[in-house]
Amino acid sequence: MRRLAKVGLLTGALLLVAAPAYAQQDGPTLEALELNVLVVFLMVATVLVFIMHAGFAMLEAGMTRQKNAGNIVGKNLMTITLGIITYYAVGWALMYGTQVGGVVGTDMFFLRGGSYEPDALLEIDFAFQAMFAATAATIVSGAVAERMRFGAYLTVAVVMTAVIYPVVGAWTWGGGWLDQLGFVDFAGSTIVHLTGGVAGLVGAAALGARIGKFDAAGKPRAIPGHSMPLAALGVLLLFFGWFGFNGGSVLALDGQAIAGVLVTTALAASGGAVTAALLTRLTNGKYDVAMIGNGILAGLVGITAGADVLSNGAALLVGLVAGLLVTASVSFVDSIRIDDPVGAISVHGTCGVLGTLWVGLFHVDDGLFTGGGPALLGVQVVSVAAVIAWVALTSAILFGALKALGQLRADPDWELEGLDLHEHGVPGYPELVFGAGTPSTDTRPARELSADRTDGRTEA
Amino acid sequence: MRRLAKVGLLTGALLLVAAPAYAQQDGPTLEALELNVLVVFLMVATVLVFIMHAGFAMLEAGMTRQKNAGNIVGKNLMTITLGIITYYAVGWALMYGTQVGGVVGTDMFFLRGGSYEPDALLEIDFAFQAMFAATAATIVSGAVAERMRFGAYLTVAVVMTAVIYPVVGAWTWGGGWLDQLGFVDFAGSTIVHLTGGVAGLVGAAALGARIGKFDAAGKPRAIPGHSMPLAALGVLLLFFGWFGFNGGSVLALDGQAIAGVLVTTALAASGGAVTAALLTRLTNGKYDVAMIGNGILAGLVGITAGADVLSNGAALLVGLVAGLLVTASVSFVDSIRIDDPVGAISVHGTCGVLGTLWVGLFHVDDGLFTGGGPALLGVQVVSVAAVIAWVALTSAILFGALKALGQLRADPDWELEGLDLHEHGVPGYPELVFGAGTPSTDTRPARELSADRTDGRTEA
Amino acid sequence: MRRLAKVGLLTGALLLVAAPAYAQQDGPTLEALELNVLVVFLMVATVLVFIMHAGFAMLEAGMTRQKNAGNIVGKNLMTITLGIITYYAVGWALMYGTQVGGVVGTDMFFLRGGSYEPDALLEIDFAFQAMFAATAATIVSGAVAERMRFGAYLTVAVVMTAVIYPVVGAWTWGGGWLDQLGFVDFAGSTIVHLTGGVAGLVGAAALGARIGKFDAAGKPRAIPGHSMPLAALGVLLLFFGWFGFNGGSVLALDGQAIAGVLVTTALAASGGAVTAALLTRLTNGKYDVAMIGNGILAGLVGITAGADVLSNGAALLVGLVAGLLVTASVSFVDSIRIDDPVGAISVHGTCGVLGTLWVGLFHVDDGLFTGGGPALLGVQVVSVAAVIAWVALTSAILFGALKALGQLRADPDWELEGLDLHEHGVPGYPELVFGAGTPSTDTRPARELSADRTDGRTEA
Amino acid sequence: MKLITAIVKPTKLEAIKDALEAHGVAGLTVTDVRGYGRQRGHTEIYRGAQYTVEFVPKVKLELLADVLDVDGIVDAIVEHARTGEVGDGKVFVSDVDRVVRIRTGEEDRDAL
Amino acid sequence: MKLITAIVKPTKLEAIKDALEAHGVAGLTVTDVRGYGRQRGHTEIYRGAQYTVEFVPKVKLELLADVLDVDGIVDAIVEHARTGEVGDGKVFVSDVDRVVRIRTGEEDRDAL
Amino acid sequence: MKLITAIVKPTKLEAIKDALEAHGVAGLTVTDVRGYGRQRGHTEIYRGAQYTVEFVPKVKLELLADVLDVDGIVDAIVEHARTGEVGDGKVFVSDVDRVVRIRTGEEDRDAL
């Protein structure tokens, strides 16, 4: 029987079936209700962060060429799924298990054992945080797009979600040494985004540029993505999901904090769009839609560290600055001959730093510009440096090893003809490559087919 | 440290960190919990209304030509972001600030000052309502698609969210003169949709038709959109978001009302699809998928004014009627030589009127056909007229000024070659225009590239 | 006036307006709050299941050819809308009305009369379950894609949501004979997915294969879908929605159950991706992205029956197995010359059986392998058989009748040229078929148009 | 050397290619084109307005061949492209001065 | 028999087709092509980097015609394709040995 | 006047165009085509079933040139299109009666 019943019955009856111990212990008390509502709130946040992976998939597909469209979405499908399994098996344990020396957790592999009994909060917390881990990994996929081998990428996704990101998490959200220093990173400008951005930078550097990205003189050439509608859809899905990314990071049924975070998040994203639009209009005479998309994401990364401790004004401002910074950073990355097809390094790396330092400057209580002195800013700088060092080191080893094994970069002809064909056997858009209606399948003799339709046509 | 803790600890500990004053004041009381849950409910509604902007982006992109695909999604990205900033700075104040004469608010610019202290409810209410403001603006972008300058559109989006929509809002939801008359518009058939539809009509009229829309004899020619899958995705994202648009408009933790609204919303949308499908099948012999999409949206607009005060039967009926009406209206708009590429005027304008008057006819208590007499219907008619007058007047001034300045319409050759190229520098689908794999980038001498792949190929 | 007010005022004031009786009866009690929160929770679940229809639309469109893209999304638009109306009028009554002999309900047509008064729980439950009914129907549309007439499909969608699915539902969730036997199917591996999969199989068999699917020797030929990005978006939207499909099926504000269900759901989906990826890599040397997508969905279907009664380990395992099974099943279906363009039979049918039996094997308390003996497994087997028998029989009658009437299959030339053109009059991507910029509309004499733009171009 | 060009219905491409292969043709080149001819396009209704498509999707085959093979190839194409319905298309033959195979530099017959 | 080939601006296709129809032309075939010529492409900025498009979208018309009709058709195309701006394109004429209508097997003039 | 047609690998287009530009060629027209030849397509597995692509994406260049320039241009194309692998494609030359530049009405050499 599956029907909603009157609440009294329901709470009793169904809970007894589903989780007897739990139901007994909690009863229809305010505390029990609050806990249950908290789970619902985090369910909402979890699914919102989840859908960011569709956002990344669409953004990255839209901003790369059609010959690699199947490959890039394949990477996204694998990142979220492999990421969940890896984080379940290992990542959570390193991040939230009982710590050794404030550096790394040591128990709770497969969510078992350790300091927590499996319960509602552990489970929902895991679900929410697994989506974050996969986010850190998927950022890399944008920076290394269109030239990295699929198998190598899977390795990177596993190591990111098993080790690189969880260790950063252990130092910070897990209560490790940076947390003890007083590091403030609400939803992960540094912990998630900068981590992904740095790994992306190392990956892009190790891989080298796509064929044709730089001309003989080393001047960057634009390689526009194949579908602006998909890219825009990706940006909007990311923006949508970010409300859960930041909102859910309140991690408590605290309406005041949740509401505040949603507003600062919306304002910062909006600021990023506006300055990116105006700047490209002023410098090139045209509104660069792809850069507007990057501006929105830059604003979102910029607010992530301080969404709960910045005023609305400071939030709008960090968005406006992020929109400018990302535009400059994209050109800078080009100028040092790093090829980042979707701007992941600038959006997540550069603006991740911005967002983290911004907290040191504008924290409502402890910011340098809000009368809090330089202490917090100092902690933020140290933490950013520590995270960059760790991620750069480990990802250099990782990408270095893959390169040494000859497993990192796709063969040039794979790259020229498209990774779809060589890694997956079929193009992302087969009919654009091989002609519409493939296979052209009218192999039966004409008389077996009914006569070709002539309705609505006249013989001249 | 960022982990969910047992609830007791949690409520205490985290709240103390995040918002000490708040935690002290509220404690773990039923009232505090209710408030917090209300914020979560409105968070859900807010993100749902937000994602309608992805719906509009996909719908409008899908229903216009590929040469303008980047332009149209660029407009959508800017509408929601500019709209949030403008509504934050000005729009909210005019709509909900302390009113002068029941006509317009005068304080609370940048959400500061005025009758409310910044608190959870103000913030979440702002977030929710900012999405509505941007919706009113984005409706215009569909009606003016494929021929309006980007800069001019940005101006329109700003004025819509800063003034035109907020004043309508002030008269109604803000407690102004129409509200005092007794005007009933639950979630905005008139306030949001008709406002957008009228501005779209004025804009489309001021711009004139796209080149080629009408033949030499003035007969309308269909200009099909370039992607039915994107259009359908847009419709479904809009339908999805509408559950938040209407559901959230309950603005209270009232399960009875919320559940009822979700059901009436679903039934009306469904009704719209069915009559649009059948009508096109009966009149043209073929099911017009684009019109089915318009039918769904028409049903949604039609139920919006009365989602909480119509019976399920009346809801289904308004949807069925809306599906017919929108089909007729699209042809009518064509017949008066107004070019509305996506049907925005018919969906949001015509069916906005339908939905508003429907409340006067079928309001469970006060409808003309439900024994309530003609009073409510009278108020609805007056209110619709007032809103049309205000929006028509102000948007005529706005579009008229842009036209007078020569800033309104794109040059004919921009329009013919596509706005993407001329306004943004790069087509929305570069490889469909300039060939796959652009730039064709095999510039290294052949010996540097590994030999072309021959696996799986045989030399004859 | 539409503003959030302080909670005290609000609960009183707004509730009194919206639903006086309700407000009086409930007051600000814990029970009332719990009921209201339950509605919000189910609203979240409802909208998530709703968006699965966008997932199906994108998946099915992406995995079929561009000439049928409008047709397939048109089917999806009609399935959800027709489905809601039909389930409202008839389906709910058969499923949840007062039963006759444990077989079928007999009252509550149009949600009226019967054992429940219309109230918040009935309404939200209906909304949630209507989305399920439409899901069972839409599964069919994938299996019969690219060759079935639109009108015939509408008939099938109506019969599925009016009768075939509701009767299965009556036997099980409605409290009928299978429920009384002790059948366990948490969120519908059998009730929803197998039902859809069996009807899809019957439909595909009745229709015959698409022209060109099998060569002269009967060997299957791949007909790749036209857009991997759309297919991947579909998969991710389905995964997203499945959190509501399974999470919402807890049907109670039980945080423990909800959190657990989300985790098992995520793990199973992830397992499906991983084995599908590895298996295709091992057998073909290439990662098959479309099969990875199928693997995710297979894992989701596999966990659906037991999401609340499987350990995390058993959940991951069922996903891993589902990823293998779906890959084998797709080949098997091909080998018996059934043409299932999107793999619906394998994903929903085969893995629906897997998931249902898995409960018999691994149910935390009653599974064969967890010390519960064979009783539950027996019930599961019987139930699966009963559902297959009912659905196969009724859908054979349905498809048989349509075939006998000559209304089932599209004419060969419709099929060859694309259903879009013949059923809907316009291709899903008109500019890919008829050239960009259709109609080419520069019909005014050259002098009327401003000179072609020459900025940025030089005369040699 | 001759160039044979055929404009045919897209659904006939596979059958023609198979026939030519059986006929010993070693290569050909295909282009998606749109044709205007006796076979009129469609007039449909889209969102209430008339939608006239005057061009019909076709496929163009280009085939370099030795003079001696031309007639056989033309006949094979005509046979396998024919449905008997209006719009079956055209085959035409024109002269080519010189053909080079890029890979080897071979010319004319040897280049095919 | 002659083959007239015209490479023109896409926006001119409809006007040319209408003119040719008025001129009694019964059929033609259209291909989307990209041209490189005196009309340079664009140099734009996309995400901060230079984006040079050296090819401009054009449309190619191919038209089989009787020798006697060639000049009139060429003139009609030139007239309706002209904007006077660089990039208007080319028309060229070449010789065709033989034309077959697939549907009927008719040849040459009768095949048009 | 002559028409030079080349069917080449898409990745070679840019190099060929640069070489021809250096060679003084003022214009050319490019079409996306699919080729069937000695370079076989792929046989892949997609969702468990065999997926045979018999056509390979190629690019067709068409180039009107004066008789005197033909050999140099053909050589330049052959040189820059060659990878030495099967599938490099063909170049062929045919005769053109007349070329008109639409913008000006100039003919033949002057029309290029």
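Just so it is clear, A, B, C, D, E and F label the chains in written order, and each chain counts residues from 1 on its own.
Keep this in mind: a contact is a pair of C-beta atoms (placed from the backbone, for glycine too) under 8 Å apart; a residue touches a chain by one contact, two chains touch by 3 or more.
Quantities reported herein were computed from a predicted structural model and do not represent experimental measurements.
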Touching subunit A and subunit E alike: which chains?
B, C, D, F
Higher-contact pair (C-beta pairs counted), B-E versus A-D
A-D
With chain centres defined as C-alpha means, what is the inter-centre distance between subunit C and subunit D in Å?
44
In angstrom, rounded to a whole number, how far apart do the mean CA points of subunit C and subunit E lie?
49
Centre-of-Cα separation between subunit B and subunit A, whole angstrom:
27
Enumerate the residues of subunit D that touch no fewer than two other chains.
11, 26, 30-32, 34, 38, 42, 44-46, 51-52, 55, 57, 82-87, 94-95
Numbers and ranges of subunit A residues touching at least 2 other chains:
30, 33, 35, 37-38, 40, 42, 44, 121-122, 124, 221-222, 224, 227, 233, 284, 286, 288, 290, 416-417, 422, 425-426, 432-433, 435-443, 451-452, 460
If each chain is a node and each touching pair an edge, is that a line, ring, star, complete or other?
complete
Enumerate the contact residues on subunit B facing subunit C in the complex.
30-31, 33-35, 37-38, 40-42, 44, 48, 65-67, 96, 121-122, 124-125, 172-175, 179, 210-213, 215-216, 221-229, 231-233, 235-237, 239-240, 243-244, 247, 249-260, 262-263, 266-267, 269-274, 277, 281, 284, 286-290, 292-293, 296, 308, 312-313, 316, 411-414, 416-418, 422, 432-433
Quick check on the complex: what are the subunit C residues that touch subunit E?
435-437, 439-443, 446, 451-452, 454, 456-460
Given the complex with subunit A, which residues does subunit F contribute to the contact?
11, 34, 42, 44-46, 51-53, 55, 57
Residues of subunit F touching subunit C in their complex?
26, 44-52
Going by the contact rule at the top, pick out the subunit A residues touching subunit F in the complex.
416-417, 421, 425-426, 433-435, 438-439
